[in-house]
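To start, I am sharing the structure in question, which I have written as structure tokens.
Chain naming follows the written order as A, B, C, D and E, and within any one chain the residues start at number 1.
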Amino acid sequence: MKDTEGYVTADGRQIGGTLMEMRNITLRFGGVVAIQDISFDIHEGEVRAIIGPNGAGKSSMLNVISGFYTPSEGEVWYQGAKRPPMKPYEVARQGVARTFQNIALFEGMTVLDNVMTGRLTHMNAGVVSQALWWGKARNEEMENREKVERVIDFLEIQNIRKTPVGRLPYGLKKRVELARALAAEPSLLLLDEPMAGMNVEEKEDMSRFILDVNDEFGTTICLIEHDMGVVMDLSDRVVVMDYGKKIGDGTPDEVRNNQDVIDAYLGVPH
Amino acid sequence: QELYTPNLAYRTGPFAATGIPLMNGQADYMTMLNQRDGGIGGATIDFEECETGYSTEKGVECYEKTKGEAIVTQPWSTGITLQVLPKTNVDEIPILAPGYGFSPMADGTVFQWAFNMPAGYWDGADMIIQHLEAEGSLEGKKIAFLHLDHPFGKEPLPVMEMHAENKGFELLPIPVGLNEMQNQSAQWLQIRRERPDYVVMWGWGAMNAGAITEAVKTKFPMENFVGVWWAGHDADLKLVGEDGKGYKSISWSFPNLDAPLMKEIKEHVIDAGLSQTNEEEMQGVFYGRGLVMSAILAEGIKNAQENFGTADIDATQLRWGLENINLTQERIVELGMEGMVPPFSTSCANHTGHSGGWMLEWDGAKFVKASDLIMPNVDAYADLIQNAAEEYATSNAPWDRNEECSVSN
Amino acid sequence: MLYRTAGQFKTSYIADQALFPVRQDAFLLGIILIFGWVIFPMTASEFTVQTLLIPILIYALAAMGLNILTGFAGQLSLGTGAFMGVGAYACYKIITIFPELNPVIAILLSGFFSAGIGVAFGIPSLRIKGFYLAIATLAAQFFLAWLFEKWSWLYNYNASGAIQVPNSEAFGIFVMGPQAASITEYYIVLFVVTLLTVLCINLTRGNLGRTWKATRDMDIAAELIGINLLKSKLTAFAVSSYIVGVAGALYVFMWKGAAEPNVFYIQLSFQVLFIAIIGGLGSIMGNYLGAILIVGLPVVLNVVAGTQVFEMSTGSAILLIVLIAVATFLFGVARNLWGMGAAIGFGAVTLIYGYAQLHGFRIESAMIEHINVMIIGALIIFFLIIEPHGLNQLWRLIREKLIIWPFPH
Amino acid sequence: MLDATRTNETLLEVNNIEVIYNHVILVLKGVSLTVKKGGITALLGGNGAGKTTTLKAISNLLHSERGEVTKGSILYQGERVQDLDPAALVKRGVIQVMEGRHCFGHLTVEENLLTGAYTRKDGKAAIQNDLELVYSYFPRLKERRKSQAGYTSGGEQQMTAIGRALMSRPQTILLDEPSMGLAPQLVEQIFEIVKSVNENEGVSFLLAEQNTNVALRYAHEGYILENGRVVMDGPASELRENQDVKEFYLGVSDEGRKSFRNVRSYRRRKRWLA
Amino acid sequence: MLNDIFIAPFVDMVEAPDFLMQVLWEGLVSGILYALIALGFVLIFRSSRIFNFAQGIMVVFAALTLVGLFAMGVPAWLSVGLTLVVMFVLAVVIERVVLRPLVGQPDIILFMATIGITLFLIGLGETIFGGENKVMITEELGIPTGDTVLEPFGGLLILQHLDITVVIVATLLVLALLAFLNYTQMGRAIRALGDDHQAALSVGISLQTIWVLVWFIAGIIALVTGIAWGARAGVSFALEVIAYKALPVLMLGGLESITGAIVGGLMIGILEKLFEIYWGQPLLGGNTETWFAFVLALIVLLFRPQGLFGERIIERV
């Protein structure tokens, strides 16, 4: 790995070494090149943002990281090792959790159950034990339930615990999705437009949660967001993409003043 | 007084087409008795139908529903018969399955509650082979056995196989799946490829019409095509009309339109508006057969009433009645059914009667008798019957037999 | 305020995770259990046990098995009938090979065979989804049904191709076969069904249940959060087929007493699917409600249609009152759904039917059957419309209303 | 071209409606609002306030979600439209762009746009014209015209959905969260398009938005919904100046814009409805 | 054994080419008939994602109505017209009573509802027409019934005129449908509807009109199918089971594709016949037609999960 050194952020937080590195990733769908030869890295403990116009390939990049797409070319390095081609669920088991741009909750289940699914990677009682509701299954259920309740408290969704998610308004769904991802106690958390469709107040709440997660659990966060206020305030470093190419990478200030970025995305300086 | 003799009918489902005329014939005969004579021996007959749609499941349901008061059960399909057979042995109700059911039921010592007179499938198979043999030795010939892939269709196989071995012909069973009844081109292609000398058909419901049309299409010589009695339904042949000329079906019944019975039926039932049948159907083989079936049951009831001196007989008494049917030629004439059924008799050991039958032939518009009475050669497969019955009894142990009855009486 | 939940607090997650967080539900369940285990067996007639209680339980169990697969894991299956068949044939082989084995154990063992076959046919589910997956299960359905016909080893080379339940003893009484008392069979069925229901409830509320539901709701997301889809789907196929197989074994060995291959045709699959859907996909209790409706209703309709008011027993009188209540309810709903016109039409039909009943107008059995088929078809549509999520959801809504009652919201 | 200026004529009037989902979930508890002809009316409010529900109630799309309007009335140009089917409403010139895009995934982008013209009877040429117009608004769509909509990015889908609505030559567009998931300059762009469509074609808009900031900049009138009730309404300019609106919806306090980094360090004021 | 599987059948084929041709022809004709039923399915599926199980019974119902009307003394061609009216009324009623209240429900619920329709129509049909087998009024409709005997390779090949007619009519019908779906505004609306009910509603596509139309077209197809099958095998409720055959055809061809229905139908018709004659009957005891189509479809699906011509399944997050 090239750069395992950490760095210190503007507001004085210590960031760790490289957690994940994308090397020369290219992704094609038939004729469409969604990602073209992009490299960047994510350090342990930082908040990394990916921005860019619509259709730039941001979500696709997240999908590559979480193993949903296999890159046509390029390598993914994770925790110091090259990641072999693997199934998405194996990636998840390595501690990568995510939320989705178009909410992907399990609509038929309650909030509690949805969040509990986040713990699946940590539970392994056998079928018989579960069928009898005895021994390991029961204990495991209770232990994990407690962890989940902590996440639920943390995200302030106690009162909707037993509501089927299908009935929830959009913003709350996003929060439940975050809860599900958090319940997995990931080392890398991927957020695809966590604040889309929220008003300022809700964005504030969401920001608070993201920062708290980052602070309290030291979770590394990689997020995509279109609200520049949020991106600039929250992130430590920003990657900018346009038409599948990387056009900028650096601290919010650097990016903000990058002429390419202004032309392609921001329009006016923010 | 009323005697409850429910009929597990099927006027719905894929076999309805063949079921309806039979059910009508059966019902009309009983209605006629009720109208003309006030029933049998003073007791009216409650011939209620319970609809099964030929489904075994519904059949069992009907059996359970009716068995409380019924003095007889008429299950009306080989599947249902097989299913209720062990139950009747416990519930002690006679099963009357004229011309269908399980052939070993002939052995009354084992199947004390089951009856399938006047002839069983093994009789039928034997009669058909006799008929074919009469046209020339079967040695080295090939007979295709086109059958419904269902217990009913497989029923005659043991006798067919026995004959194949003894007479040196090649037997080629060709099954027709329940879902393929209307689409038999594969079967008929096979027949075309194998070029059998004869096709013997054990078909039912929509299968017969399918087979007959296919036979016409592939230009199979109709005179070499013979069916069991259930494959001789006028409507099926009407589909092809003239082209079906020469097709044959063995039968233990015949619609003698001139018989006095037909006039009585017309007068007391049809004209009185008590029947669901129509003019055309009435002339068919199946309607006539329905009449015969009920006549047999009525005969059994009458026997029991006379023997036990009461009109209000119970199931056990009816069994005696059915075991002592003696339908002589005189009696047949007396019933006004001349030429409609061959004479036969039953005993406690012989529950089938082995009446024999006529070969009917389609003349382009209707079935006509094409042979004298053919009698089955029961001795040839008496052992088969006995063994099969024994085997059944052992695998269903404990099985109550009729200990008082021995094969000789 | 029948369903007042106020004042019931949970102080631990264990308590919250209990089967019935609301006390009234537990109470209700108690009542149902008492009815099932004590009151029904004491009061029901043989007919009721045979045509209502036993089949309802068995069908509910089969539907529950299907529900695990389709309702919980989201994999549509149209092969239930064949998997029931695998269970039944496996049980038959086990019982004939080891006649000494306790029949209940044999039944529980036979499920493992269907589970194995189920898993085999479930493998394509990883690639094939939705209706396309139904094809895989249909392939199982048709292929297995064909195998039941062709592989004579399965039915011990019986001539008829049917399997027959032998009389077997356990604990000194006959527990299966024609000699077994209905009530014994009922208790065995009830025991097995209760046992499997409890296991199912546990499975579906635990980790595995969540895995299934996640797979059902959004398989891509499920995989991305760490669920191994293959494992999730195959466990669902295994558990589901196990239950379905046991239901199949019960179906033949505790209820029908014999079975031909065509019993396990696709019609059976649909029947079970109806129950699961009408009852409510993704619920356990719904299967019982669905079975009561789909299995019970035709029987009840038949009984009512066959009974004239003047010769009515108290039992049918109660039935009639219940039916009137149901009709009133349906009338109300119809008005909501399709407007007054439809409701009046509906009412008129009901009245005519009732009038016909009163005047002893007896409809032909076939007509009753036709009308029954129509009514069932209409009811399926009707229930789907008033509550697409099934009777279970309907019950839940009623319950939710009761909880907040008497406040409207 | 219609008169570009906004009139005082009432186009759409919603009177005190109540909406219940699934027979038990009461979502709107008496919402009233009016949309002026030729105006842009914004419907603001937090998550679950009932904005979408209100729009769906107007366009009669509630039915397929098992929701129903149980009280109140909805008048469009003085005509009661509650019991019409959605298609009839489109014929009268009211079209909704649904939240979450709802493109026809298997149709190409262009086919998607063309379905928008389904109710039109004015001939191929006119439709072709409008297609070009839409492409001129959204050049990106022109590039992707032959791709299946299901595979386009979120933003592209949003453009497709709006373009599709424009294709029906509507009189009124109900726009549900047009800015969601769009890049900032695209948000501006879309609102500019809304504005120009409004001014040039005289189309009235009722838009539900979370992005209060932009919405109030472009709207003439605004309603703020909370918990199924209208808690505040008035001209957009007034709302923009309102203290509460500033704090809760615009994210500015007296000290100017707050940083999202500091969210943890300040406390909120009490809401209207707790 | 290997010889039986891999060599003997082909030797048979070569030795009796006329017979092989007959097998292929029979396969072709039944394939066309399967395809006709599948067409009705496809149309409805496309417009509503409804897996219309009732297509089979609609075939029976249409044929019964036609025959029933004729039996009442209505002239043959007028009966056809009246039957079309009946099918139209049926479409309207189904739309009004069943589909409209179920808009937006999950696929499987609508699938179930069509099974409900199936049961209802079976009951209704039997109540009205009775369960007896009926004869299709083939001659009265002027459909040729004779046959032509060819003698290729010195063998025998029998071609029924009826079958030839069916092949021609089916081809025309398919071409007409393809044109309708691809070149009309309505066709596009039908496809849009299949993707997203809500969105379709929101752009003013009237579900009611389209559904009635589509079900009516399915009704017309059902009538054509009914006449064709009825002329071959008589009209009875047993025909309903042939609808099952349309299922693998659909899966194989792809649920949304007209072309798929045709290709799938022909493939299944021909291959199942070949398999049955050359492998099934000699080696497996026959009757393999009950499952062959399904297993074939399953194998194809393993390689192409959306069927040969189905729309690509969109998987995105």
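Going forward, a contact is a pair of C-beta atoms (placed from the backbone, for glycine too) under 8 Å apart; a residue touches a chain by one contact, two chains touch by 3 or more.
By chain, UniProt protein names: A, D = ABC transporter ATP-binding protein; C, E = Branched-chain amino acid ABC transporter permease.
Remember, predicted model here, so these are calculated numbers, not experimental data.
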Graph separation of chain B and chain C (steps between touching chains): 1
Per-chain CA centroid nearest to the all-protein CA mean: C
Longest centre-to-centre distance from chain D, chain (CA-based): B
Chain of greatest Cα-centre distance to chain A: B
Cα-centroid distance, chain D relative to chain E, in whole angstrom: 44
Distance from the mean Cα position of chain E to that of chain C, given in whole angstrom: 32
Inter-chain centre distance, chain C versus chain D - centres from mean C-alpha coordinates, in Å: 46
Multi-partner residues of chain A (each touching 2 or more other chains): 59, 68, 100-102, 104
Residue list for chain E, restricted to those that touch at least two other chains: 126, 131, 244, 285, 287, 290, 317
Residues within chain B bordering two or more other chains: 11-12, 16, 20, 149, 175, 177-179
Contacting residues of chain C [partner chain A, same complex]: 13-14, 17, 199, 202-203, 206-208, 210-211, 213-214, 216-218, 220-229, 235, 239, 282
Chain D contact footprint on chain E (complex, rising order): 103-104, 185, 188-189, 191-192, 194-209, 256, 311-312, 314, 316
Contact set on chain D toward chain A in their complex: 21, 25, 44-49, 99-100, 140, 144, 147, 151-156, 158, 177, 180-188, 210-213, 248-251, 257-261, 263-264, 268
Interfacial residue positions of chain E with respect to chain B in the complex: 16, 19, 22-23, 26, 30, 126, 130-133, 135, 147, 158, 160, 229, 232-234, 236-239, 241-242, 244, 272-273, 276-277, 280-281, 285-287, 289-290
Interfacial residue positions of chain C with respect to chain B in the complex: 46-47, 50-51, 146, 149, 159-162, 164-167, 177-179, 256-260, 262-263, 265, 299, 302-303, 306, 364-366, 368-370, 373
